[in-house]
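Paired with chain B in one complex and with chain C in the other, chain A is shared by the two complexes that follow.
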Partner chain A sequence: MFAAMTPELLQAAAASNQWGAIFPELALGCLALLLLVLEILLPKSAHARIPVVAILGQLVLLAVLLWNFAPTGLERDTFNGLLHHSRDGQFMRAFFLVSSILVCLLGTVALAKQKLPRVEFYHLVLVVTAAMMLLAQSNHFVLLFVALETVTVGFYILVSYFRASPLSLEAGLKYLIMGALSSALLLFGIVLLYGVAGNPALPGHTAEAMNFNALNAFLAANPDNFLAKAGIVLVLAGVAFKIGAFPFQIWIPDVYQGAPTPVTAFLAVASKAAGFAVLLVLTLRAFAPYATLTVPILSVLAAATILFGNIAALTQHNVKRLIGLSGVSHAGFLLIGVVAAVSTPLALGAVYFYLAAYLLATFAVFGVMTHVAGANDAEQELDHYAGLARDNPFLAAVLAVGLGSLAGIPPLAGFMGKLFVFIAAFKAGLYPLLTVAIVGVVISIYYYFGWIKAAFFEAWRAPLQEGEIDDRPARTPVAWPAGVTLGLLALCTVLLGFYQGSFGEWLLTR
Partner chain B sequence: MTPVTQALLVLLLPLVSAAVIALFLRRQGGIATLVSVSVAAALAAVSLNLILGGERFTASMEWLRFGNFAVSLGFKFDDLAAVMLFVVSFVGFFIHLFSTGYMREDAARGRYFGGLSIFMFAMLGIVFADNLFMMFIFWELVGFSSYLLIGHWHERQSASDAAKKAFIVNRVGDFGFLLGILMCYWVHGTVNLTELGATHDGGGIIYSRLIPLLLFCGAIGKSAMMPLQVWLPDAMEGPTPVSALIHAATMVAAGIYMLCRIEVLMVPDALQVIMWVGTTTALYAALCAIVQRDIKKVLAYSTLSQLGYMVAAFGLGSSSFELNGVAIAAGVGAAMFHLTTHAFFKALLFLGSGSVIHGCQHEQDIFKMGGLKSKMPLTFWTFTIGVAAIIGMPGFAGFFSKDAILLLALQKNPAVFAILALTAVLTAFYMVRMWKLVFFGATRSEHAAHAHESGFSMTLPLIVLAVLSAVGGYSGIFGRIAGSVAYLVPHAEGADHTTILIVSLAVMIVGAGSAWWFYKSDATDTLEAKSRGLFRGLTVLKESFDVLYDYYVAKVQQRFAMLLNFLEQIFLAGLIIRGCAGLVGLMGLGGRALHVGSLHAYVYWFLFGLVLLWAYAAGVF
Partner chain C sequence: MTANLMFYVFTALTALGALGVVFNRNTVNAAMCFLLSLVGLAGLFVLLEAYLLAVLLVFVYAGAVVTLFLFIVMLLDVKGGRRSPFTKGTGLAATVAAALIALGLLSLYNHGRIAAALPAGPGSGSSLKGYAYQLFTTYLLPVQIVGFLLLMAMLGVIVISKRQAGTEDGK
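After this line comes the complex of A and B, so read on.
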């Protein structure tokens, strides 16, 4: 068989070999498989090392990715136009990888409190991460849908991972049904677009309607087509489900509460960011000719999301629901950036900067939550934070920095992120949206500071009666890897607020 | 290291020390002491190198930019800054050292030394500042650290009241200062000290007078000139080394330093006002000092009086003073000269009084002391040198600097000369009164009977400062530090020389002699016993300001504030804020009610949302 391979054939095969372009995704997939293999091969006593392998492997991968951050052949399509590689794609790759590392780290802390198989968790996180990377670089609806489903199916399992907990199972079920519903809408939208673009009666019709570039050309030739509009609205609704924009945010509090805390963090950061990566690609490339349709829709979504997220978060007592609804409002702020990006290139960098600041702050907060939570992962009340500043000043300080950054308190990174988005929106002339955003920021300070207050200022509690058990869970002591990571997250949040340096320059100048 | 790096090091070292202490060492008083004192030692060494290295420079960087207005941070290190740097870092170090002994038993040593470090940072910022905005920032920081240190023993009501009073009274002066800076920027377009020196356009008859006077308001607050002098005597509630460092040697002198910095902006009319404010304060404070019983209060009023001298000197010597036919800023020279010598001997006197207080188990009433000469010999001798310096004993530091001021007054304004000479009589009078009552005669209380000499860490600073108080006035010392500033100090020639010498000797002998002869070693004030009317008069004089201000604050301002508070509670807080918060809270409850937890409801909501979105996209609404 090998003899049949002539040098010409081998050369042609080598020339068309594009697997190198998705090296990070392939490596993540292999690492995920390696974890399963290790579970079979290693004795049970050594299973505790498997998460270490997962984290170290990803760190190495991150180093390789950053070292070769601008490979030759960036800004090109591969696999017959399935993927489009760009510097934004590289940024999102690094973003998802960092999220995944942090989720794995939180997983080691949270899973230690449960009697559950461990290794599958890391395996799933890695697979989902690889799919997210592909999703962010997709240039074709088929790949987009496949990658999206890979992510979503992975999340169905992750959300209900604490299978002994009814709330976790319920959350999994809710996510499954709502996710299926949104996928159906998305798919329906894609089909409509495919159908209308393949209509031979229309000018510029194409057989490659799934490809974003071809779709763009078709839409440009057919402004104001009814079916295309319907398809676009349905696709946007499907994506709005992922980012949790109003009115598709309804699943968020229940699912966030029921899911294991690391998975909630994964949903809040990586899944949301993946949604935004897709949304940016769609609005700025595929649907660009229909900006007159997408801009008003997204603007209304943004305003409603900001107001609803912040107002609904006001009265929450469960911190997981609270951070979920605060995440809804952050999606609103990011949507402002997406809307501004249609006319102002600066906004694109602002969105990415916002995402980076959001990642740092959110994982800082979730890291603290993981340590404060007890075995019952769904019950994490604001009351449980009473006296945190006294008992564990380190965690309290990290929490304060994280929440302060989410609230957008200067000089933290979250403030700079909001500032950049607002500047971009100002340049794009989105004054009504800015007004809504500022109202939203004011409301958000109330509940973020309520949380900080719970951690720093003691509220009076009735002394425990004889034999009465404290219903507040015991706090997990901070081991050094988590401590170093949380310290780094808080430090980066502060530093990035003071000085954006070449990172900010790289993001904002384009 | 380049000079700029050295200056940066000098400025930032105490900040680092303060941050480390505030973050990690609040409860480890011992380590905090070590950190703070070694930082003070290091920065004294680097400053000395900087001063004697002879390198003078300016350097600046932009900090914030708003449109075409930039706030820059920068160093202006000239001879004037060098003198001040010497005073702050050198005296500062010895006071740190003294504090290690004085505060040894204090439970909150960490906070104390952190406060000293943040004070050093703020004060050095004023010294180095190359523009008025930067100076203002550090000016406020100095006020803040002064607040911290006066209120160090905050569990005492009087201490926390005094801290508040100092802070609030300073705000009044700082308000004028800020207005002055803003007006200066508005008129001249810059607040950089070097660039201001190059502007000759006064900005019209009103602004040219208003700007220096508004800026002088800052000095009135910080240097406790009349009518804002009320906070300084109360500030003696702080630990004694703090009184020595902040309320005698450095911070209160910052007002004088600031005036010398903005000398280029001065016009004769403004100088006239400044001169009279200084002269009046000098006399008033000297009168008040005579009836004080508390050893620190005597020194506080004496400080006020000496600061009045410096301000008067600055007001007297505008650039119209001629030396060998060349116009020089003699006021700056005389004021800075007296500032330097005063820093030495007043720090010495305060630390000496600290040593006495420490020895007498925190007894501060001079009528309950007495006879400490033999019990605390080292303190006695060093204190005596301090007294000799402040009353102008020939050969000691104070003699030269006071003569320079008297000479200026003699040549410019006979009335001021007469008042300052009278003040000098009173200075000698109250200092010798205190000296005699504390160290001579019979021991008049239990505490004083058990007095003992203080430890080495407290006596070493006394010795060093005593040496400086003795020799600091000679040009070999002052001239070496001050460089060109030393040339600005006026020297008497011929007939003036004789007049000044005779007058200053006469006032010293009259004042000291009458006090020595008049006061008896007794538990009651001899003046009170012999001339009740005079004593009462002086006491009323001292208290009149406080009574007036208390009346204003309690009766006028408080009632106005109550009225505003009432309106605020009803309308702003009640209707607008509570109303909005209530409304948003209700909406929050509504939003919360939406998440019922039922999957059916969610699916319907989801589809309903899609319909809404489609309706909006289709333009239905």
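After this line comes the complex of A and C, so read on.
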């Protein structure tokens, strides 16, 4: 059955694996390995330079990626159909790289407060980022699952990285169990789809049932297959865990609170965006013939997610739990975009624009959180922000811009993101969802402004009794790299709100 | 007919073994039940003519992983703890979940029937050579990613379990 390993066969195998097409992922993987090698080779005194290598290496890679943003051979499959390269994939690559750079930068600030191994943190972040890039471009369930597991296993470690903190370990355990459950659901769905699409008794059956193109063709030939429906629902449930959509959001508050702050930012932005990239690929390509099934499911998820996230965030005093639950509501807004994208191509660009605005605003807020947090990373209360505007006007201004953008206050980027998604939803005729979304926006203003109020207006505090010490942690002074980055994030948030320019044009015209 | 009977025997072994893992309070017994469950699973693979998978499952999981579990259980001398009784809310949620699962299984049973008996497809996973061929040609990229995954898992074990100088447990 199998030919001997002739040179021709080897050449054919080599030709189908186009390594050049995944240059950014390869470079990230090599950079991650280089960090470990540097730790072995360099003397202990030079170890502080390794994070600089990680960040600079990624900046160079980002420059290369942006310089060659539309390489030859886009819109094609590589690696025997395992990957599909598209301009959306290029956008997600740049997105993940930017978030990885920012996470590394926040990591330098947060890790300085802990006595923990440093280099491994950056290694994990880089490998997880490379895996996310592959995940967003996957065209085959085998690659999707392997990349997803790489991301998830990396996050298990990153979430429990502050191992001296019981909350961090607890968060790691919770994430492990919930992550395993969601992987099991996803895998069960994949197996059902594989089994039904490979069934020779059905029309259009295929031997390559894991491939999205082949699966799409099979589903188009069998428009009403019960097992395929069950498989699709299970796969969507597995992805909904990753994006934190209701009713799969149960892990979010505890894990977000316990995880180290940079990791929480990574979870909130990159992990969520990876989930949405997968969801878009699945609903728009692989499961496209079953839109009558996916659209109602995702619509109900979107409405429930928006309401749950916003209402649950109202009562939170811990800022990490608050931002986690507000992230749940953002997943709901993005889900509206995904639902609209099934019928309106404009919505796809709106989702990507929303993600970009969400990245800028969330990292601005997390940058401030990292500087306000003390050595106890899990306890970050709203009243720790008291007097921030007086003591450190720069951090307070960045916080206000970030939170304002998340709340969707014009003229910030978050407002434009919401506006684009709502316009797309309006064009797609999703009026009930729009109503829910607007109610959600109104509720969200309450808790975002509560946070801003804590930073800008003095609240009355009981005077300290004799012998009582102020339990609020000391703020970290802002070093210039973090300061420049936070300033840039806030500036981009403001500029992108006023003027979308060629970026918006590139995203929204297709 | 024999194959059908064998299927049910192995399925029962797998499912009962898995239940035993969850319900056993004694950790050693739970590990042993896990072993039983894996043997049942290996039997199912044999019925599907995936002999290599069956052998690997017995070697790697039953042979190595469960043995490792047992070593660790005995080294740490883990005692089965006392469970706090379920609260009313948990009981209610569990009942609702069980009812939903039963409903799902019932509808799967009613609608998910496959009409005709299927001819066995050509299995690429039955021989070692078939596997190796697939892994080194079509699925080369996932294999490389798994390499990174394993490295990362190893690093994670070191980071989370190694005692660091300066932390409270590192003295």
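Brief remarks follow.
Everything that follows uses one rule, which is that the second predicted complex is superposed on the first by the 493 of 510 C-alpha atoms of A that agree within 3 Å, B and C clash if a C-alpha of one lies under 4 Å from a C-alpha of the other, contacts with A are read in each partner's own complex, and residues count from 1 in each chain.
Here is the rule we use: a residue touches a chain if its C-beta (ideal position, glycine included) is under 8 Å from a C-beta of that chain, and two chains touch if they have at least 3 such contacts.
A quick note: this is a predicted structure, and the numbers were derived from the prediction, not measured.
Using the contact criterion defined above for the overlaid structures, shared-chain residue A:16 touches chain C, although it does not reach chain B. When the two structures are aligned on the shared chain, A:164 is found in touch with chain C, with no touch to chain B. By the touch criterion stated above, A:198 is placed in contact with chain C alone, chain B being left untouched. When both complexes are overlaid on chain A, the residue A:489 reaches neither chain B nor chain C. Contacts of A:248 after superposition: chain B is touched, whereas chain C is not reached. Once the two complexes are overlaid on the shared chain, A:315 sits against chain B while remaining clear of chain C. In the superposition on chain A, A:125 contacts neither chain B nor chain C. By the touch criterion defined above, A:147 lies against chain C but remains apart from chain B after alignment on the C-alpha atoms of chain A.
Within the superposed three-chain model, A:82 lies in touch with chain C and out of touch with chain B [touch as defined at top]. For chain A, the partner touching the most residues, choosing from chain B and chain C, is C. The contact surfaces that chain B and chain C form on chain A in the two complexes overlap at residues 230. Here chain A touches chain B in the complex through residues 173-174, 177-178, 181-182, 185, 229-230, 233-234, 236-237, 241, 246-248, 250-251, 253-254, 293, 296-297, 300-301, 308, 311-316, 321, 443, going by the rule given at the top. Listed in rising order, the residues of chain B touching chain A in the complex are 584-585, 587-589, 591-592, 594-595, 597, 599, 602-603, 605-606, 608-610, 612-614, 616-618. On chain A, the positions that touch chain C within their shared complex are 1-2, 13, 16-17, 22, 29, 32, 79-80, 82-83, 115-117, 120, 123-124, 127, 130-131, 134, 142-143, 146-147, 149-150, 153-154, 156-157, 160-161, 163-164, 172, 198-201, 207, 226-227, 230. Across the complex, chain A is touched by residues 107-108, 111-112, 114-116, 118-119, 121, 129-130, 133, 136-142, 145-146, 148-149, 151-153, 155-156, 158-160, 162, 164-169 of chain C.
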